[in-house]
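Chain naming follows the written order as A, B, C, D and E, and within any one chain the residues start at number 1.
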Amino acid sequence: MLTGIFKFNHTTITLLSLLVLLGIWQLAASVANSLTLPYPAHVAQVFWQATQSGELPYHLGVTLLRLLVSFSIAMVLGCAIGVMLGKNKTLDAFFDNWLVIFLNIPALVTIILCYVWFGLAESAAILAVVINKLPNVIVTIREGTRALDKDLLEMAESYRFERKKTFVHVIWPQLHPFVMAATRSGLALIWKIILVVELLGRSNGMGYQLHLFFQLFDVASLLAYTFAFVAVIQLIEWLLLRPLDRKALRWRR
Amino acid sequence: MNDITISIQDKTYRSGHLDDRQHQAIADLQLGVGRNEFVCLLGPSGCGKTTLLNMIAGLDSHYQGHIRIGSQAATAKIGYVFQNPRLLPWYTVRQNIEVVFAQTPPAALIDALLADMQLSDVQQVYPERLSLGMQRRVAIIRAFAINPDILLMDEPFVSLDAPSARQVRNLLYSLWQQRPHTVLFVSHDLREAIALADRLIFLSPPPMRIISDIPVNIPRELRNDEAQIEAFREHLLSQHPAINGLL
Amino acid sequence: NEKPTIRLGAMAAGTLNWELAAMRNQGLLENAGFNVENIAVANQQAGKVALQAGSVDVIVSDWIWTSSMRSTGTNLSFYPFSDTSGVLLVPADSPIKSLADLKGKKLGIAGGELDKNWLLLQALGQQQQVDLNAGVEKIYGAPPLLSQQLLEKRVDALLTFWQFAAHLEAQGYRALLTGEDIIRQLGISETVPSIGYVFKQDWADQHKTAFKQFLGLSKQAHDTLCSSDTEWQKIVPLTDAASPKEQQKLRERYCQGRVEQWGATQQSAAAKIYAMLHQLSNNKLTGQSAQIQAGTFWSAD
Amino acid sequence: MLTGIFKFNHTTITLLSLLVLLGIWQLAASVANSLTLPYPAHVAQVFWQATQSGELPYHLGVTLLRLLVSFSIAMVLGCAIGVMLGKNKTLDAFFDNWLVIFLNIPALVTIILCYVWFGLAESAAILAVVINKLPNVIVTIREGTRALDKDLLEMAESYRFERKKTFVHVIWPQLHPFVMAATRSGLALIWKIILVVELLGRSNGMGYQLHLFFQLFDVASLLAYTFAFVAVIQLIEWLLLRPLDRKALRWRR
Amino acid sequence: MNDITISIQDKTYRSGHLDDRQHQAIADLQLGVGRNEFVCLLGPSGCGKTTLLNMIAGLDSHYQGHIRIGSQAATAKIGYVFQNPRLLPWYTVRQNIEVVFAQTPPAALIDALLADMQLSDVQQVYPERLSLGMQRRVAIIRAFAINPDILLMDEPFVSLDAPSARQVRNLLYSLWQQRPHTVLFVSHDLREAIALADRLIFLSPPPMRIISDIPVNIPRELRNDEAQIEAFREHLLSQHPAINGLL
């Protein structure tokens, strides 16, 4: 019964929260009454036109593809390296400085260097994104690895779990909250970087397009494109991350 | 022929990072455990029993000395019932048992053990939704199920009510008779120890040494008789004044 | 033998893009001895990255940057494309009538502190005993943002690029000074191109015939855009102009920027300006070299 | 003795790792032999000049101040909101969508809107950074709050700890790895955003300066400024985060 | 006059998120505990003893029925020794004890308790570097130190060797005599229960009910006499066939 109410509430609450946000926006727009903050309806209209013309779907698709590829690479590599550094103090001592350096090299610099060395190719763009995102994943997963439960690791060791088995059954479930944090804030970060990457060296994608709108100070289009992307992420959240979360945390009391 | 040969000169814990506290847990301990022997370790809280079991299980190698395990060496299957259950909270009871098998888990054996431990009903439940005593029983099944060559048990029967404890003891005993293996067993309950063990090893407060090593010579078939156990206990207390303070 | 391909890094809203469209519209490219590949770049910087990365052969940029790249060993070269330069704008009803009136006012500067026009404006100020650098409240920012700031009256005057200026002028803002005015008042009578094609010199030397033909066609397209209304109308969608007035303004400025003459006199004027900028920017804009690098201006001969 | 070796090793390893990185750089530079990848010595020289002229310290100082202010605001707010959302399912259901939206609005858009509404002022710049960083902190801390140990919370409840006491003694230490992850990747993220913020509407700071160098394609200066910043972060890491880590994790066996 | 009045119609666990398993832990339980009474709860593993203590401590309010605590209601100080130690791993032993005080911790009392429990040496040590028995003793000190009005103890003496357990029992007993308070105590050890309690409450397997509620009428001064305890135990087993299966 309780869960029943909760489920019912959850959808209602979600709708309510979106409505409230929309309300605030509408209010703010009518107060500002300026083109720099267009009305929701206007943005929706722009969105519809851009979708119908096929322009938005095209650029969105291109960007999402880049996002998918670079995100996957960064997550897989990042988790592997993060776990390694978290477990091995010597490796960690060695690579820690590299990490701080790569974490803090401005996206701009890596992007320029990638483009200049590898040409304005798709691979260079993706490499640039990966280089920017990777240190973040590593840092988060390393923190998670350091916080692993020693008792359970000892259990695995005494029952002679091999490395892979230990990772799958003992380590990975504990890393789950950290992986989730890295995923959620990571999608956002990659998106931020991809915008710069596309701005500087691609002739398509959301970043390229948003910059054009910025030049024209076309805030409605900026917002329409933004919300198209946000909607995709929201879908990923609902269809992928949320169920994953639920499945992974089923056991918690 | 010994199955486990323990010869430890020194086991000292050094506390981590900042403070420099040192604690010598074990100093000069020599102990041989025969193949398929059933040995019970008794000693005051904090004397180093868990430390010793961890070292035997290969979880701790920061000590001076050596521990040799039979001829099979590294391949010996070890079942370890830790002092706390150490179940994987994200797996159900059954998954927790199945996960320790390298090959296909023996479904029939697991079913039987679950039934013996009265846990058949909860095999699909997650550990955090079990009582501590139930979790302990799962941990015991996990150790039994792999048919270990060496079974290490760190106070396995606490949190169990008297009938359950009795039943688990009987189960352990019958498994051991069906398929003999070496058992090292920590307990604070002298009666329990006498009822189960071939040998009682009494340990000193830290640094841990062996105070007495006493064979239990009650025939196996009489071990269920409370009077026999009481008699042996009385005898023990009178004959070994050194361990008197420990009991 | 194969026709060579010229890869152009053109901004979507840039005038090079207009001219390319015009060339296509007029069928000029069909019989040309080269192919053109247009690679869209999002902004100036993206163009520079693309050129360095070898992904395009030609971009539009300025000769000061060309020279400073040459001084660090990258053999870029420059060929003029347009004379149109930045504009200093004030609202129509602004009390600001001269440089001296700028004192104590908020001035938006789109190109940042190393903007050529801003540096030259400071020099002009010095001539008129106005210390602009200290006397005005400078606000650097991205051009679109600064336009917005002027519209919302958060700045009193704005020094910005000509296309942004045209949008504002169409809305009634007044041009106080243009880049050409500043140079003229500084005592240089020749018109010096503000932007041009920038490319690797080796590339241009290797593809001399094709490139020269391209330059000629480009000029031809420029001329037809200014002379033929029908041709102009065809490229209007590319200009992003919101109103006919704005289109008008853009076309006007664009046509005024036609490079009329490009010879030794203009080049020596450029050298003079370069020296001035070198000093004004404290080496920052130009790099260490006090003189414009030899070979900065590509000679088509 | 073991710790002795470890400590000795640690410094050596750190030095070694920096040397190796420098070596790789030197090698790459000599292979590339292009101005787009200047030699370390050249960058060092540029760095030295910029430091002596007082320019680098000035811009670095300005940026660090902005970083400090916006980082503090984002962390404090983020931790508070993150804990709240992690503990309260209803609030979480309500604000979850907002979070996803704000997480994925491009930095460009928030920055533009902040500048447009509040003018090209310092407060607008800081607000823009905070808006960009805040959702990240919230997401990470929320994940940490969800993973809190129920047993310890029950202990606190049965001993009638008040809210504040529970937070200080029971919750905060468990959030430590998450806060560390948020801090480390957060400094990097803020730095990335601040660069855009300064580029678009400030007249000083590293972002403004880097943009100038970018316009001139002066990679040596870009790198010199970058490394000045990285050095500061490295210092923060050594003098603040590392000791904090050590202190907070002293208890782990 | 009752200090704790328990009247529970139904306590059912609903498993979280996905699966819909329900488990009725308690059905219709009525129990009154007098002020300063010393009550021991005995029942099979998994019957719901911990569940009941949690409800009394106010940790779980998802049930039908009510639990009233004396006149003091919400202000009653509760000391709870959980089934596992639940120490804060980031605080030393001493900090773990001090942290539960709202006001300045009573240094002298804590010193004395640490000494009684033989933990003076390790008061600056972090819990993870202690043996489980030592951790349990810290948890016991923590509960004793606040001078609780109600003391809840969930199998507090497991993992303690016989002499330590004896000592802690004596300490508990003398503290209770010095400053009487209500004690609810879970144990699986009938001898221990007889030695300490005023009343023994025998509980059924789930759903938990009270099977027998037996006052222990051995005078307090004779409780140290093993023979007396044994005699009571024999008597109990013969007089109450219902509880025979539980022991």
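Definition applied: a residue touches a chain if its C-beta (ideal position, glycine included) is under 8 Å from a C-beta of that chain, and two chains touch if they have at least 3 such contacts.
By chain, with names taken from UniProt: A, D = ABC transporter permease; B, E = NitT/TauT family transport system ATP-binding protein.
The structure presented is a predicted model; accordingly, all values stated were derived computationally and were not measured.
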| item | value |
| --- | --- |
| Fewest touching-chain hops separating subunit D from subunit E | 1 |
| Third chains touching both subunit D and subunit C | A |
| Highest C-beta pair count, chain pair | A-D |
| Between subunit E and subunit B, distance of the C-alpha-averaged centres to the nearest whole Å | 26 |
| Centre-to-centre distance between subunit E and subunit C (centres being mean Cα positions), rounded to whole Å | 85 |
| Computed distance of Cα centres, subunit D from subunit A, in Å | 17 |
| Subunit A and subunit E, separation of their C-alpha mean positions in angstrom | 49 |
| Contacts with two or more other chains, residues of subunit B listed in rising order | 19, 84, 126, 128-129 |
| Overlap residues in subunit C, where contacts from two or more other chains coincide | 45, 52, 142, 148 |
| Sequence positions of subunit A contacting 2 or more other chains | 36, 112, 116-117, 150, 211, 214, 249-250, 252-253 |
| Touching residues on subunit D, where the partner in the complex is subunit C | 35-36, 112, 115-116, 119-120, 199-203, 208, 211-212, 214-217 |
| Residues of subunit D defined as touching subunit A within the complex | 6, 9-10, 13-14, 16-18, 21, 32, 34, 36-37, 89-90, 93-98, 100-101, 103-109, 112-113, 116-117, 132, 135-136, 139-140, 143-144, 146-147, 150, 177-178, 180-181, 184-185, 187-189, 191-193, 195-196, 210, 214, 219, 222-223, 226, 229-230, 233-234, 237, 249, 252-253 |
| In the complex, subunit B residues that touch subunit A | 54, 57-59, 77-80, 82, 84, 86, 88-91, 99-100, 102, 126-129, 142, 146 |
| Subunit E - residues contacting subunit B, complex | 13, 15, 19, 21, 23, 42-50, 83-84, 124-126, 129-134, 137, 155, 158-165, 188, 190, 245-247 |
| Residue ranges of subunit A in contact with subunit B within the complex | 151-152, 154-155, 157-162, 169-170, 173, 248, 250-253 |
